[in-house]
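Across the two complexes that follow, chain A remains constant while its partner is chain B and subsequently chain C.
Let's look at the complex of A and B:
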């Protein structure tokens, strides 16, 4: 075990120790020699890297070690358990949350893949309407060597690879899948501190289309560490629309990464709503490998007392004529923390690149804080890149304007915040996905704006 | 040709000659300490300068601290490791032993050097309204206009002189903005600084002229460790100009200066820099390594510190003039033009630390990259929890010329107060074909056209420079980009 581990706070030390022990067990139980080797490599890498400290640029604003408060053994239970646990808000139970999410996705849903406490649940999943052009392997762990690097930020990759217990793979045939709309549901029902680690592969053939709607729902206030890595490959002219709502329990730490390789003319559109959980960190790692590809990333970070939202977006323009556009909006109440770290890197040959980054944050609480670092690395002169960032509170004049017209303060605030968030919703092309993200965000807003008024 | 274009063409032509003018050495015997860095060298420097005991101790504390520090590696600059034992830490023109009482006593060779540099040491200074404290290889040789300044109570002297004549002021403020433990280069400077400038503006005084120092590096392998300290008492104002040139050199030279500014209640300090040290040749050989720590402390309420810089020289520039906005209603400004051509590397920006209520800051940075250079803006805007209603506006624009250059922007935006309002904008663009075509169509040569366009790109910052500098800077913008097209 690395020397760094011994310098950690007790809670983090216990967490790392429990994760390392579990990794050894999983390694010993690997089914093939290849898997054993890969798991071991990942485990050793994680041991060498240790938990990221704030000295690492990628973790400069998020103290992961400080957030880990004790052992987090991975769960080994089956995913086929009842989902009648009470869920927050208007929904009675996780069951209802699942049904609600499915309903939001609408009648055209072709499959719904459910993971309970990190394990695939055949019982809750519905895979019967999947078109033949879409090949799905659920309950399968796609292991990939490339996650074991030694870069600043490879802790997540090596930790996930050494511990991943479940996952899925979706392969969409070329020129197919116009009708493919898959729902992913990650439920956390655990009663004790634990961790869960999953991986996914998503490959779209030439000209293929896919819509992915990912929801995370958790209950209670039990500490949990969840890691999830999605590896996306979009062939020529393929199009993936991905929307994600993370609505976890109050002590839930979620570290997610979406890596995407885009071939010629491919289109990636991602929207993420982080609304529940102690820490929601989402990394996007987009590599443009074919000319004319487009990536549109949108994130909404909504956080209350004691919560952190961290968006980390890397857009790597390696070839000419690609467009990347990132928009991150944060609404932070109480002492919530928001983080955005963005990087647009344009390689020497990547002419005619267009990279835009925008981060805007509304601070609604006395102790709320926002840290933004929109970075540009440009290695040729034929580019159009820009970033903008703004941090502040609600415009007092706008508020006064509305109040002067007889609108109550709470409503006026809500109206303004709603307007602030609106352009994120509008970026989500698919109506069902847009509605799903929007309704959850507005639902949060109703609670939060009331609290902000009281403060 | 339009008058404006003609003006730019003339400027470039003129500067082409001037650049040649700068390629010379002055052969003056210098009084050197042996190469290397150890406590004895520091004691030697301190003894040479007849410094009081406390200052020597301060230097030694810094040295001990420095030994434990490591070279920072976060900046986007690459260079071979610097051998700190292979540098001279003290070199003074010999004439320093008997300080000249008037200009007549100054080594004529030295005077000729200044003449070539265009430093107005003679009568025309009155017309120019500039008092010059010229630093030649680390020791201040001549200071003019002292009398006139003394009339209003302004102290403008070399740092060593200030240590002798105003030890209480130096002791009170030295290291109060940039502590000796601040960073690798500032700590090194604290241990071995040889000279610099000292300015004290008493309460209620508006300094009657713009104060100016010309730095010039001449001796091969001599690290330049300047220390500047400017104190503006309550309700005072001073504008300080710093400009530099360096002769052609084959070996890399290290420069690690520290500038500390203190502005008390209602005081204002305007600090302008034109830096055109030798950047190395077109192949990237030679050139100055410039690792500078500049920081201003708006200690008083309603105080203001404004940094304006035009950075065109040096092989490596590592420089982040910063403002600590401590006093309520204090204001910090940073206006910068950074031009990198050939193999130059620039990692520069600013830090605006908002601590007090109603503090505001404005950052305008214009980076131009050409040739094979690398130009990085690195800035921090930090709003502390007590900085009620703080405001910041940041704009950093990059202009790229050519396809082998690079421009980077690394802004850190941190807010811990909901009443604060921060705005940040950055763009990256190139000199557009359309603009060039327009100019070319009107008979303007390609290089001149680029100079014209770039001058337009930098206009907002150029306008912030004092008159004396604005003309020089405009010319520099043109000359720095020579050879970047075609």
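Let's look at the complex of A and C:
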């Protein structure tokens, strides 16, 4: 590991050192020999890989090492957090933020699972209305279902597995009648630099339905690295609708991955809003294993000065008749950076595949930049795939037209940006989820730096 | 209400992207008057309209414009609109994703707020929109669509007039509102314009042809060419243009210049 680490900037070197020390401690304290072995393998893989450099295609536009500015000890590794202690954190009004998120989710929540600084908080969670068809385990690390890594260069997978301190598992029984609606809340309340690592398994039986609303909330400017991996399996005709709002503190780095295996006729719909945090990177890794399955991915990247949003979507069409549809919309002010890398891979046997990828970005600052790289790897002729990307600025003619009718420049800009984002909101089928994502996005649009004309 | 004329344009010189277009325009509009500006392509008519509305890239290099006695150059685009200046666009912009009805509501309430009036409630607003839409034979279902998106040329112009009726401007500048309209649509639009005529308002109709002026009879007609008003007169001037074109006016202007020299 030394060769990799020593080339890093000092801040990144300190971060990696603190992470590796913690990983060794976790490994030593593992409760079973199996866990120790798994953790060790992951740690060694991370040590061998090191932090991703921009020479790696998947990290070409996002400088993770440059974003790490010092030690990031995992908060939960030392066991010094007592979950039942009264909540005291930088996020003074956790309860309020939580209530807001719950209210946004509407009145039909089956459960609300709360993680505070990466640890499950039974005290804040509400699990009493969960239907009997849904089996939930929270507050443990679901290691067993995870292979180490996703490939040769999987820094995120190995880092997360070596350090994960908490997580949950949701299993919905086959043909469970009513749709369950579960809220996941990740609060960052730490007062010192730290990291937090969690994992989740979500399994939907044949014909089962689930709605997941995931919110990440944090305030302040304490450096933090968060990794979170969700492993989804949808059996035949199962349907998962997932919406995520990442609204973290200004020095928060969030690296999340959602891996999904889709069986026959399964439907996956994911929407992600990245609105707060120094770096929000979300990876989707979707594997079509059964014919007729669909995956609809929608992402909204909203960023201000000094922030980066990175969406990385891989859709692997292994079997015939599947549909993937990815839409990423970015609004970038000041010197914000947006990234979209997409890959639709269609295997020789995956005939009648349909894969769409679109990235559109609105640059509101002279220093703002967008890198979009949608790619297709197609190994048969019987497919319908398309990709496109566009980068533009606000339409000055439209802005003038609105202002000439008495609408203030700020409101006119807001109307036009909202119009730009509209089709992403419309892709979110569920009303409660749509409202939750839309209201947070519109709230961001009211921010002064979005409304103001570039100086 | 101030006693100054509604609009005074004094020795106006203006350029677009650095190119001189207007070369000393003088024009006064009193309340209650309807003026028409006619002229060939490239004469500076639309530039004058954009200068009045305050478009970026259209710069006054000399002279000034007073609106109700205040210097227009000191007011930004939206302030002019809220103060009662309305520009009917020659080419209304289509705006994907912004519903016409919510745009109209925002615009009306911005104008009302500037006049110290309360916001219209949703019911009263809708009632008013529907009445004007019916008057203009403007299909109500269009209001749910995005601004001007997929509208025909005639529908766009009706939508402009609908906006004008809702906003009740004190000065309406209509830039070639008659272009692209068939005979029936022209009549409908003209009736809409005429219905706004009142002793408190003035209108400036910019047009190539006299056919709109047959329906909305102006008090004064000005002939513009090469960035200047060459000739002013009564409504009979419009007929003269229709019969003999602009050449005669341009010719006599050149003769006058030569005589001065």
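Here is the rule we go by: the second predicted complex is superposed on the first by the 421 of 455 C-alpha atoms of A that agree within 3 Å, B and C clash if a C-alpha of one lies under 4 Å from a C-alpha of the other, contacts with A are read in each partner's own complex, and residues count from 1 in each chain.
We adopt the following convention: a contact is a pair of C-beta atoms (placed from the backbone, for glycine too) under 8 Å apart; a residue touches a chain by one contact, two chains touch by 3 or more.
Here the structure is a predicted model, which is why all the values come from computation and not from measurement.
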item	value
Contacts of A:126 with chain B and chain C, given as first, second, both or neither	neither
Touched partner set for A:381, first chain B, second chain C, both or neither	first
Chain A residues touched by each partner, larger count belonging to chain B or chain C	B
Partner chain in contact with A:393 - chain B first, chain C second, else both or neither	first
First (chain B), second (chain C), both or neither touched by A:40	neither
Which superposed partner A:365 touches (first chain B, second chain C, both, neither)	first
Touching partner for A:407 - first (chain B), second (chain C), both, neither	second
Chain B versus chain C as contact partner of A:419, first or second or both or neither	second
Partner chain(s) touched by A:206 [first = chain B, second = chain C, both, neither]	neither
Chain A partner contacts - residues on chain B that touch it in the complex	383, 385, 398, 400-431
Residue numbers on chain C that touch chain A, as the complex places them	53-56, 76-78, 80-82, 87, 89, 92-93, 95-98, 103, 106-107, 110-111, 114, 146-147, 163, 167
Chain B-facing residues of chain A, complex	61, 348, 351, 359, 361, 363-393
Residues on chain A engaged by chain C in the complex (per definition of touch)	395-398, 400-409, 411-412, 415-416, 418-420, 422-423
